[in-house]
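In the two complexes that follow, chain A is the common piece, with chain B as its partner first and chain C second.
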Partner chain A sequence: MKKSLLFLMCFCFMPTLTGCMDRVEMKDLAIIMAAGIDRLEDGQIRISVQIFIPRAITSGETGEDLSQGPIFVREGIGDNLANAVSMLQTNVPRRLFWGQCKIYIFGNELAKGGIRKEIDYLTRHPGPRGKSFLYVSEGKARGILTLVPPLERFSGTALRKLTEDEYGTKTTLKDVDMGLMGESESVSIPYIKKLESKESARKSHETIPVIDGTAIFKKDRMVGTLNIKETRGLLWLKDKVKRSTISIKADDADGEITLTPTLGKVKFIPEITEGHWIMNLNINIEGDIVQNETHLNLMNEVVLMKVKKKYEVALKERVTGTVEKLQQEYAADVVNFARRFHQKYPKEWRKVEDRWDEKFQEVKFKINVNATIRRPGYIGPPAALPKDEVIE
Partner chain B sequence: MIEKGQISSLQIEFMMVPTIIATGILSIPSIAGKYAQHDMWMTPIVGSLIGFITVYITWKLYQLYPKLTPIQYSEIILGKAVGKIFSLFLVSFYIHNTGLIIRQYTDFITGNVMFETPGVFFSISIMFVSALAVRGGIEVIARTAVICTTLYLITSLSLLLLIKDIDVTYMLPIFENGLLPVIKGGFVHTAWFSEFFLLSFLFPFVNSKNTGLKSGMKASLYVMLILLYVNFFVLTLLADSSANQFYPVYSIVGAISVLGFFENFEAIITASWILGNYVKVSVFLYVASLGLAQLLRLSDYRSIVFPLSLLLIFFSYWDIPNIVILADYMTKIQPFYFVFVQTILPLFLLLIALARLKRSESS
Partner chain C sequence: MIRIRRLPLKKKPKKQKAQQQTSSQEIPLSKKLTENIHLFSSLYQDSSDVIFRSFVVGKIDATIIYIEGLSDTHKLDEQVLDTLLKNEFKEIDFLISIKNRLPISNIETISTFSECVNAISAGNPVLLLDGFEEALSLGLVKFEKRSIEEPQAETSIRGPREGFTESLGVNTSLLRRIIKDPALKMKAVHVGKYTKTKVMIAYIEGLIDRTLIEEIENRLNRIHIDGVLESGYIEQFIEDSPYSPFPQLLYTERPDVASANLLEGRAILIIEGTPFSLIAPVSFFSLFQSQEDYYERFWIGTFIRSLRFLFVVISLFLPSIYVAITTFHQEMVPTDLLLSIASSREGVPFPAIVEAIMMEIAFEALREAGIRLPKQVGSAVSIVGALVIGQAAVQAGIVSAPMIIVVSITGIASFMAPRYSIGLSIRLLRFPIIFLAGFLGLIGVMLALIMIIIHLSTLRSFGVPYLSPISTLQKPSMKDTLIRSPLWKMNLRPHLTGEFNAVRQGTNLKPVPKNGDE
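Right after this comes the complex of A and B.
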C-alpha cells in the first residue's frame, strides 16, 4: 500500500520535473545577427535586423545561390524600441532570438536625439548581451545592414571583425551603460559608414561598412564626431593601438619616415597643484620603422635618436589634437579624466562634480611620450639607393 | 531523540557554506553596492563579524546543552510556557524564511533562464527533492551536500576567467565617504551571516564533540572569502552599475569569453546554483520540520515533512507580490529581523542560561 502510494506520488510530480515549458527548438528560432535602430522623420523608432537563414549554410556544398546570402533583413516600426521589436516579431514567423546578436547600430538621427531609452531596453531585456558592440552609422542604420560584403557572409560579421582588430574604439553595451552612468557621463562609440566601392563590376551595395571615426556622446546625445586621425589619438589614450602608422619629417633630408607602433602603454596621473588641475599623460610606446623615404641611414644611432625624438613630438601632437578637440569643441570627457581625478582627489572632486563639463575644459594636460624604436625593419640603409647617396 | 543519524564536522562545513551563500550570491552584491558603492568589496568583512559571533553563541549554548536543539533547551532555560512561545516563534521564523528562500530561487530562475514557465513548477520541484532528502535524515542531507557543494564551488571558479577584463581602479578611492557606507553595506550581509544559528540544530548530531566550533568558524570564514571574491569581481567589472542589476553575478558570468568560442557560462552556473539552493532549502526544511516535531513532541519528524513542504510553497507566494518588494524586504527588514531572531535572542538565552547556572552553583 505504502509503496504504491509513493509510486503514485512520483507520477504526480513527474510533469513538474521536465522543465519543458520553455523548450525552444532551433527550427522555431529566428537568430538575429545584427540590429540597426533608427529614428524616422515622424519620431517613430524603426528596428531592422539581419536574420540568419540556417539552410543557406547547410546547402553550401550542393551549389548554393550566393547572391541570396545567408541572411535577410526585416524591420519593425513603433513609438519606441520595445513596440518596434514587437511589430518586428509579427513580420517574422519564428521567435526572435537575441543571444547571438553582437552588433547594434544606431542611426545618426537617433544618436543625435539621445539613445538612453534604447539603451534601457537593451540592458533591461534579457536577450541582448552586455558584450555586444555598439556603433553609430552615418545616415540610417538600415543602410548598413542591407550591404552585401564581397568577403564576409554579411555586413555584421565584417563590422565585428574590424572591431575585434581594433581599428576603432571598441565599445560594448556595458561600456555605454557604465560610461554614461559614471563620473564623466560621456562615452565614445565607433562611427561607421558605407565604404564606397570603386569596382565597376560590383553593384553599389556590394561593399562593407567601415569604421570612419568616433562618435562622441555627452549625456546620451551625440555631440559630434572625431575623424579617423583624431580617433587614432583617442586610441592611443585608450591603450589600444594595434595597426596604425605615424609619419615624421626628418630635419636634414627630404621625405618622411613612417613608423608603426607595436606596443603601447599609457598612464594617467592626475595632479592638483595650487588650484590647477593637471592631467599627466605618460605614454610609453615601442615602434618599428616601416618606410624610409629619406636618404638617411637608419643603422646610425644618432639618426635613430633623432627619429625617436621626432616620433615623440609627432605622437604628442596627435594626442594633443584629440584631447583639445574633446575639451574645447565637445567638452566631453570620453577619456575618463573625471574618474581618475575622483579616485585620487575625492574631496576636490566633490566640489566640481556638478560642473565637471566646465571644469574639464579647464583641465590642463601634460603629455610625456617615451618612444623606443626597436628595429629599423628588415633593412638598415635606404633601399634601392647607391651607396654614395646615403647620408650617414 | 528523533534523529539518529550522525554527521562529521567536515560535513557541517559543506552544509553551511551553500546554506549561507546560495541566495546571498544572487542579491548581496547588488544591495551592498547600493550602500557602499566602490567600497562594497569589503562589506563581507564587516558582515562576517555577526557570523563569527553567532557561531560562538551557538557553540556556547551547545556546550551547556549537548544533545539538545534550541527547541528543547529553550524550555529548560526559559521555563515551560515562555520556552514554548519562544520555540513556536523560532519555528515559524524558519518556516517563513524557507518560504522566502524558495521565492528568491524561483524568481531567479523565472527571471533569467525560463521566462515562460510558471514559477510554481520550480518551487514544487526543489521542494519535492529537498523533502525527499529531509525524509532521508540528516545523513542524507550531509552526504548530498558534500557532492553539491563541491560542484557549486568548482563552477564559481569560472569567474577567474574574467581576470583579464577587470579594472582594479574601480575600487578607488577607498573610504571616499568614510566608514559608514561600508558598515551599512556590511549590515545587509548580517542577515545571511546570522543564519549560522542553524548550526544549533546540527551540532547535536556531530560525531565528535569538540570540533564543532572550529568547523563553524571555518564555514563562516569561507563564506566571507567567497563573498569577497564575488564582490571583487562584480565591482571591478561593473563598477557602480552593479547596484542597478538584480543579479550582478549572473550578468558578469554572461560576459565570460575564452578565446572567443568558450562562452555562455550562465547555463553551467545556473545549474550549479540550483544545487546550492537545494542544499540551502534542505537544511532549512530539515530545521523547520525537526523543530516543529520537537515543539509538538511528535515521535518522528518525517511524517510532517511533506505537509510542511506544501505550506512552504504557499509561504513563498504570500506577502511578496514582486521582486521589487522582495529586494526592499531584504534591504530594510531582513537585517534587523534576522539578526534579532538568530543572534540577539540566542545571546539572551545564553546569558540567562549562564546566570541560572551560576545561581545553581552558588546555592
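Right after this comes the complex of A and C.
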C-alpha cells in the first residue's frame, strides 16, 4: 500500500520535472532545411537559413504557390558563427530546429579563408547532424538558398537529391571533421553553382544549384577546385561512381563508343622500394555500352576486346590526370594515400609525417585498370545500318 | 500541513466468521412424514413456486416436492404418479420395490434434509414416504435453455460452429462428444452460498499434473461468496496476481478450444450458468493463439500469428511513439514526413499529448457505447463517431489528421488480439504509456516497455511462468509460440508444471507419398 502510494506520488510529480522542458511542440519549431555560411567583406560571419513554412502545404486541395515555395530565408550576422546564429534566433519567432537540416553551404570566400571555426561550431553544437552534407558555393552561399527550384520544394532538397545520386563527391560534416584531423589533413567538398536557366518563361532565380566540380581543402583552406571531368576521376578513386559515361575512340573506325561504368572497385597497394614511395592503384571496373557511333559489330569478341583495351587506357588517363593535378598543383592528398602508407609502413610514415605535403608530391603511382564489358546493350550490331556496312 | 494517516503497524487478525453454512439442514430425515413436511414447508415458506403434492401409495402417505418449471411435470404425472397410484407394492422392501418400478433412469436415495434441498433446487422432484428415513430424488430435471449456437465472441471461418451454452450439462456433453476416452474426468465443486453454482473441473487423467488439480480445487474451496454469476467471479478469486492488468486465465466459448487445451494437459473450469469456461494455466503467448492457427495450414498460421504480435506492439506503443517523436525527437522522422506532420499540426490548438489522450478516450467511448447500446442504435453511434472523429474534428482544426490515422490504426490493431481479455489489458496500458511518452519522450516509452516486461516475467499462472516458453526457455514448445510449426512436427506436449506426459504423437508423421503404400 505504502509502496504503491509512493509510486503514485512519483508519477504525479513527473510532469514538474525540469527534464520535461525538452518538450517542444512542432508548431513552436522553425524547421531549418538548409543553411549557408558566408564571410562578409568586413570579416563578419553571416548565416542564412531556409526555414520551412508549414502553412504553405497545409492542404493538398489548394496546391502550393510555386513562385514562392514553402520556405523563406532569414539571416543573422555576428563576429563568429555562434553569435550569428544567436542573432538569427532573435529574428525568428520560433525555436530554430537544426535536426532536419542536411545541407550546409560555405561561401567561396569563407572557404578560402578557412572553415575550421565554423566546423567546430557545427560539430560541437548538439543540433546539427553529423551526416549532413557540406558544399562550397561559387560566390555567396546565400545566393544558392534563395533559388526556387521548379521540381523540388526547396533548393536544399534538389541539392541533397543530386548528392545522394552521387553526381559529385558526397562529403558529410563528419567526413570533414575526420579528414582534417586525419593523416592527410585534406578533404574534398562538392563545389556547387547556380544552374543558368535557359527557359525564357522562368525568372532567373527559378533554377537549382548543381554540382560543378570539387573544392579541394588543404588544412582548412580551400586551395582550388577540380572540374567535372577531374571530379569523375576522383570519384573512381573513391569507388563512388554511379552515373557517368566515358567515350573512347576506336582505332579503325569513325565515331566513338560510349560506356557507362556500373561497378567499380579500387584497391590501393602502397609500396616502398629502395626509398621510392609507390602507390599501386588497381581499378576493377565493369561497364555497359550505351552508344556505338562506329560501324563495328560489338557482338564480335575480337572487337569487344579491343574496345575493352581502349576503355582501360581511357580510364587510366582520366585517373592519372586527377591524381597528377592533386599531387602537383594542390599538393592535397584528398584520396588519403597518407592513411594507407601509415597503415602498411608505420615506421617509414613516422619519418615523413611532418613533411607529408612534400612527400606526397614525390609519391609515384602506378595505375592498373582491369575493365570488363558486361553488356553490349540490347542490340548486337550497330543500329539502323545495312548489314554490308557493318565491320566485323 | 497534510498529515498522512499511518497504517496500523499490526494488523489485527480478523476472526474468520464461523461458516454460516446451513448446518441445521444436515440433520437426517425423520421417520414421520408430517415432521418432514413441516420442516420443508417452513424452509420453503413464501415460496409459491415450490409445490407439495401429497397422495397415498398403497396405505402409505407420500409427498412429492418439486419446483415449478425446473422439473418435467408431464413425466411426473404420467410416469411417477401413474405408476405409484395404480400399482400395488410389497410391504417388505417397499422403498426398493418403488424404486424398481418407477420408469425413470436416474433415481437416488437420499437421507438428509440438505440433500433433499439440493435435489429440489436442482430440479429433481423428491418423493417422501411416511415411515421411511430415506427419500427418493427423481431425475426429472427439465428447464428451458438456449439451444447450441455459434459462439458470438469467438467466431472463426473454419472450425466447428458449436458453442458452449449456459447449461452445464450441455457443456460437459459437448466436451465428452469430442473427447471420448474415459480419461476425461469432470470433478464437481459447488461455489456460492446462495447460488450453489456447480463448477466442473475437466481434465484428462494422465496428461495433467495431479498437483495442478489439487491446487485448483483448493483455490475453488477457498471461495466463500454469495453467488457466482459468471466465470469472471471465479477467475478473480483464483488468479495468482490480482493486481496485474494481464489476464492469468483464459476464457473460451468454444468446445474445440477447450478440448485442445485439455489435450495439452490443462484444466478447464466449466461453470454453470455461463457459456464461458476458464482455461488454466495459461501463458502470455497463448493469448495470441487462435484456434484457426491450427485449422489452417501452417504457413498461414505462422503468418497470421506474427502479424498479430506486430499489431499488438503497434496497438500498445504507436500513439505514445507518435507523441514522443513529435514532441521530443523531431530529428528522427524522415524530413518529408516531418514536413507533412508539421503542416497538418500547424493550426491545431492542443499539444500532441492532449490530442492523443483526447482521441484515444473518444475512441474508447465510441467502442464502449457501441457494445452497450441496443443494436439498432449502435450503428447510428458508429456513423456519428466516424463522422465526428474522422472528418469534422480535422476540418474544424481541433485535431490533426496524422493523429486520426494513428488512433484508427491503433484501434484496428487492438482488435487483432484473438482473445478479448488481452485486448482489454492493452487498451488499459496504452494510457499510462502515452503519459510517459508525453513527459519523458522515447525514454518514457522504453521505461514503460521495460516495466511491462519485468512485470510479465514476474507473473505466474497456476505456477506456470507467464512468459514461458520463452522466459524459462523450453525448446520443444517454441515450435508453437512465435511461429506455428506443421502439426506433424509438434511431437511433444508443452511442459507446464511438474510431471507431464511429454510425447504427443508418433515421429515420422510428415506426409510423404511413399508412406501411403504406393
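Convention: the second predicted complex is superposed on the first by the 370 of 392 C-alpha atoms of A that agree within 3 Å, B and C clash if a C-alpha of one lies under 4 Å from a C-alpha of the other, contacts with A are read in each partner's own complex, and residues count from 1 in each chain.
By our rule, a contact is a pair of C-beta atoms (placed from the backbone, for glycine too) under 8 Å apart; a residue touches a chain by one contact, two chains touch by 3 or more.
Here the structure is a predicted model, which is why all the values come from computation and not from measurement.
Enquirer: Which partner does A:174 contact after superposing on A: first (chain B), second (chain C), both, neither?
Expert: Once the two structures are laid over each other on A, A:174 reaches chain B alone.
Enquirer: Where does A:302 make contact in the superposed view: on chain B (first), on chain C (second), on both, or on neither?
Expert: Touch partners of A:302: none, neither chain B nor chain C.
Enquirer: Touch check for A:29: first (chain B), second (chain C), both, or neither?
Expert: A:29 contacts chain C only, not chain B.
Enquirer: May I ask you to decide whether A:343 touches chain B, chain C, both, or neither, giving the answer as first, second, both or neither?
Expert: A:343: touches chain B, not chain C.
Enquirer: Using the touch criterion from the header, give the chain among chain B and chain C with more contacted residues in chain A.
Expert: Counting residues of chain A touched by each partner, the higher count goes to C.
Enquirer: Using the touch definition from the top, say if A:100 reaches chain B (first), chain C (second), both or neither.
Expert: Only chain C is touched by A:100; chain B is not.
Enquirer: Applying the touch criterion given at the start, work out whether A:129 contacts chain B, chain C, both or neither, answering first, second, both or neither.
Expert: In the superposition, A:129 touches chain B and chain C alike.
Enquirer: If you stack the two complexes on chain A, which partner ends up touching A:2: first (chain B), second (chain C), both, or neither?
Expert: The second partner, chain C, only.
Enquirer: Check the residue A:201 against both partner chains and state whether it touches chain B (first), chain C (second), both, or neither.
Expert: neither
Enquirer: With both complexes overlaid on chain A, does A:384 touch chain B (first), chain C (second), both or neither?
Expert: neither
Enquirer: Determine where on chain A the residues touched by chain B overlap those touched by chain C, and list them.
Expert: After superposing on chain A, chain A residues 17, 19, 22, 99, 129 contact both chain B and chain C.
Enquirer: Show me the residue ranges of chain A that touch chain C in the complex, using the header's touch definition.
Expert: Per the touch definition, chain A meets chain C at residues 1-2, 14-15, 17, 19-20, 22-27, 29, 31, 33, 52, 54-58, 70, 97, 99-100, 102, 129, 157.
Enquirer: Under the touch definition given earlier, write down the residues of chain C that touch chain A in their complex.
Expert: Residues 7, 326-328, 330-331, 335, 338-348, 351-352, 438-441.
Enquirer: Okay, in this complex, where on chain B does chain A touch?
Expert: Against chain A, the touching part of chain B is residues 111-118, 121, 124-125, 128, 169, 172-173, 176, 238-241, 244, 251, 254-255, 257, 264.
Enquirer: For the complex, give me every residue of chain A touching chain B.
Expert: The contact residues of chain A facing chain B are 13, 16-17, 19, 21-22, 99, 126, 129-131, 174, 177-178, 181-182, 339-340, 342-344, 346.
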